[in-house]
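Each of the next two complexes has chain A plus one more chain, namely chain B in the first and chain C in the second.
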Partner chain A sequence: MGVTITPTMVGQVVISGLLAGALYSMVALGLALIYGVMRVINIAHGTLLMLGAYTTFWWFRLLGINPYLSLLVALPLMFFVGMLLQRTLVARVVDAPELSSLLLTFGISIALVNVAQLTFTSDVRSVEFLTGAFLVGPFALSKSRLVAFAVAVAITAIAFWFLQKTKLGKAIRATSQSSEVAMVCGINVHRIHLYAFGIASALASAGGSLVAVMVAIQPEMGQVYTFKSFLVIVLGGAGNYPGALLGGMLLGLVEQLASLFLTTQLSEAVAYVLLVLVLLLRPTGLLGGRAT
Partner chain B sequence: MRWAVLAALAIGLLLLALYPLVATGYGIRFMLQLFMWVALAQSWNLISGLTGYVSFGHVAFFGTGAYAGAILVTTHGWHWGPASLAGGVAAVILALIIGYPCLRLKGPYFAIAMLGLNEVMRVLVSYFEGLTGGGSGLSLPTLHASGQIYYAMGAAALAVTGAAHLLITSRVGLRFMTIREDEIAAEAMGINTERYKLYAFLLSAFVPGVVGGFFARDQGYIEPISVFPLLTTITMIVMVLFGGKGTIWGPVLGAVTLFVFQELVWARFLYLHQIFFGAIIVFVVLLMPRGILGVLQERYRLPRTI
Partner chain C sequence: MDDGHLLEIRDLTKHFGGVVAVNRCSLVLAPGKIYGLIGPNGSGKTTLFNCITGLERRDAGEVFFRGERIDGLKPHQVAHRGIGRTFQIIRVFPELTALENLLVVTREPFEVAYRRAQELLRFVTLDLLENEYAGNLSYGQQKLLEFIRVLMRDPELILLDEPAAGVNRTLLNELLAAITRLRDQGKTILIVEHDMKVVMGLCEKLFVLDYGEKIAEGPPGVIQADPRVIEAYFGR
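The block that comes next holds the complex of A and B.
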């Protein structure tokens, strides 16, 4: 390639990687939560992220208020949308073979993406806010990415505090350790499923609101996040919540590192190669999970 | 009864074989596409209907076959027939690369790996411009071969339906279906599940590759978005689920019904059409898991292997 790589470039890559990684971690935590408590991979996870991004876009377009404030609306809204999906559709396939839940959430995703195509059109939208970067020494820190990082870290920290300290959080963790034992202990597992899906949708939508300020918004933007979130939980070990944090950071770093050596076009394929390599070499994830 | 069915099939095939003698150009193209959808749906059925491992990216094999076939035709001067078969081989090689790591594991790994595969193939095809023409696509030399492609597509649909029949009524097919019903029990019975999942997957990748080669020849021009659309995968899945997954005739029934419907009604309403597809998937999974054929089987006491 003939590109000389300087320490500054490596530093920049590490910073950008961590900034992107925090966002991946937060979104993937949602997917991990649903998988943990129900053994369901939600193919519509990225679609919920897309809906969050559109919420922020319309908030900014119609009201003209700071797009980050839309989180206050998008999060509770998508929490209820998630609970509604769980209550009406997903709950029926929780105990069915995996094929059913994969296909069901795939169907939900197709329907929602195309409802978005119809109502929002397939025009590419963007939120023009907080452009530019801070210059810190030799490094450039994009303002929108820095804010996204801070918000993602805060939301992830709250989610972990909730899982560790609150009674409901403990019930969620108990359910993901063993549904049967949790039930014997008097935990209403169906309610836990409902909350888990709601929280997961809120986390996905938070991701959507944050990326809305950084990337192009269009109805099909979600699929790549479903894929990357899954990669993150594979990296961290399926069903391992702290693993999702590590996995997200790792994915951010690897993607940025790859962009040093490869053209942007090819670096899109890096996540994929990473998934195949991990499945080949260490299918239980880096921290060890419960993959069989 | 058995003879009556066979006779009806033979007459049907004969009529289809003679059809090009009386058909208009539109009629031939309509049937040719119908055959293509039967072949694609039936192929998806081999992996996902029989073993229960969902492939969300089967169009990747179609696109790989289309590009391999088109490249052999344009730069190496091959006839489109062998070139399309080579496209099938290329698709099988791709399936081996993806299937080996992902099918060793149980669970959703395979489904997600397939979800990303299509995107990666599109990126790769766009990147290697020297070979594939990149985003500006690849034009094949002009050739009027609709009649021949009609028979080629028909043969592909027939071959994969025949393969489904052979599998479903054989021990190998029983092993596939045992994996679907209970993989751990299958292992306990001594079935090498890793190997059989891979067999099913390789089988299911071959015909989409071949059909992709035919499609490229028929269209005369391909580009990344025309041979790697997510919609093609969605359509395959909907056809199989609607007709009845894991059966011999379900995919045929689903492909014929939905393709005719699509041509007559939906072509003008793309997004509504896809919302409808999403709704069919949700509906079938929740309320009619064995598809139309399953409902008919229960109502009219049809044979188990149909």
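The block that comes next holds the complex of A and C.
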């Protein structure tokens, strides 16, 4: 405290906020997708992100190849893991009361974290790659965060193109706008659920691969991303896909701005204060209503 | 078993908790006719639609479509067999365009589907609005869109839940003309409707439900004079 805040510092946090926000948006889009088509809150979303991070870690540790290339393996792999989870477990609770799906996905999360602890141990791992920063004028841009930003923007753009332009994407949106009507119109919503969970898992795991280069990797690392993704979709309006983008950017900005004015411990709390405020004041999300 | 019926319902029963919504209801539809399903509010008409289309699982009874059992099928499977429906409260996909609303429900290749979609949009004069989000269309336009969305899959049996509700006269006449044209093409139509003028003018045969039971069936003229029907509507 007592440090004067200069415009450069503000500029720096805005940049950092946007860089972090793109990643939040991408990960949260997955959570929004699952909620959109099935009305299921996937507590295991961050856990899937953790699996993505480990995939990247082992890829780098065992093969020694550029960790970003692990996305090529992690994405399809987690797409199938997601479909498998949907097929075997989540499909059973889609039409059940909310509590069932919360408990089930919470259970999946605990089970996967424990499997990770047993197989990967609880040791904190890291991927030493692409450290350092570019200096652009007065701003320092962390290389790994820049790459994460670029990749997240690209993947999110592809996901949106898919949702907007392809037949399957439109069927996914139709299902999230009205599942019952989609069914009666001949859309196999069980198949849609399968794809949606697969895509959501791939999005989460992409987040894991990208943060693997930036943060400590350990089996419980995912939980904070579950919470943050939840906050993002509340900000953007649950089930509102463009809203998830806005919410992610906003969360990134707010977190970074808070770190400028508050102590580290307090700035962690800001996200949760924001969550409570939005739920109290604008429970349908900042964009209001639904736009899928 | 194929005895020339398009749809046959046998002793269909559906409970919600302790309430019997549909009670041992049986009816037979022959192809190429327009049928009406009438009855006071809460008499089980929409529940019957839901049981036919697979949205609700029946508790007892059987539903045959073209001689095959369809009760127990999932809604999209029922749709693939050739049954389409609209809803009492319009349900378009609001965040898809009018055109996308149509394309999303077909399994045909894009070229074929696109041509059919444009034909149908012209059929109800919505062709200039094909790229408008369905949520931005007027009530009547959404109703027409929902109607032609049913036709996209070219179903043999079309279930219409209150097509006349909230529709102005001009639009209503267009809808009724379209329904008659469909019948002339050999389609079978079952309509739930409260507007008696519409029902009497359009339908060749009526089924009357009361408290989930079929209390009468026959041509409109006979039904109008049936004391049980009058009692169900107006009380004793």
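Methods note: the second predicted complex is superposed on the first by the 287 of 292 C-alpha atoms of A that agree within 3 Å, B and C clash if a C-alpha of one lies under 4 Å from a C-alpha of the other, contacts with A are read in each partner's own complex, and residues count from 1 in each chain.
Here is the rule we use: a residue touches a chain if its C-beta (ideal position, glycine included) is under 8 Å from a C-beta of that chain, and two chains touch if they have at least 3 such contacts.
These numbers were taken from a predicted model, which means no experiment stands behind them.
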Touching partner for A:171 - first (chain B), second (chain C), both, neither: second
First, second, both or neither for A:65, with chain B first and chain C second: neither
Which of chain B and chain C A:183 touches, first, second, both or neither: second
Touched partner set for A:140, first chain B, second chain C, both or neither: neither
Partner chain(s) touched by A:115 [first = chain B, second = chain C, both, neither]: first
Touched partner set for A:102, first chain B, second chain C, both or neither: first
Which partner reaches more residues of chain A (counting touched residues only), chain B or chain C: B
Where chain A meets both chain C and chain B, residue numbers: 291-292
Residue ranges of chain C touching chain A (in the complex, touch as defined): 53-55, 74-76, 78-80, 84-85, 87, 91, 93-96, 100-101, 103-107, 110, 149-150, 153
Chain A residues touching chain B - in the complex, by the definition given at the top: 41, 43, 89, 92-93, 97-100, 102-104, 106-115, 117-118, 223-224, 226-227, 230-231, 234, 238, 263, 265-266, 268-269, 271-272, 275-276, 279-280, 283, 291-292
Chain B to chain A touching residues, read off their complex: 48, 52-54, 56, 97-98, 100-102, 104-109, 111-113, 115-117, 119-120, 123-124, 126-127, 180, 230, 234, 237, 241, 271-272, 274-275, 277-282, 285-286, 289
Residues of chain A touching chain C in the complex: 167, 170-171, 173-174, 177-178, 180-190, 290-292
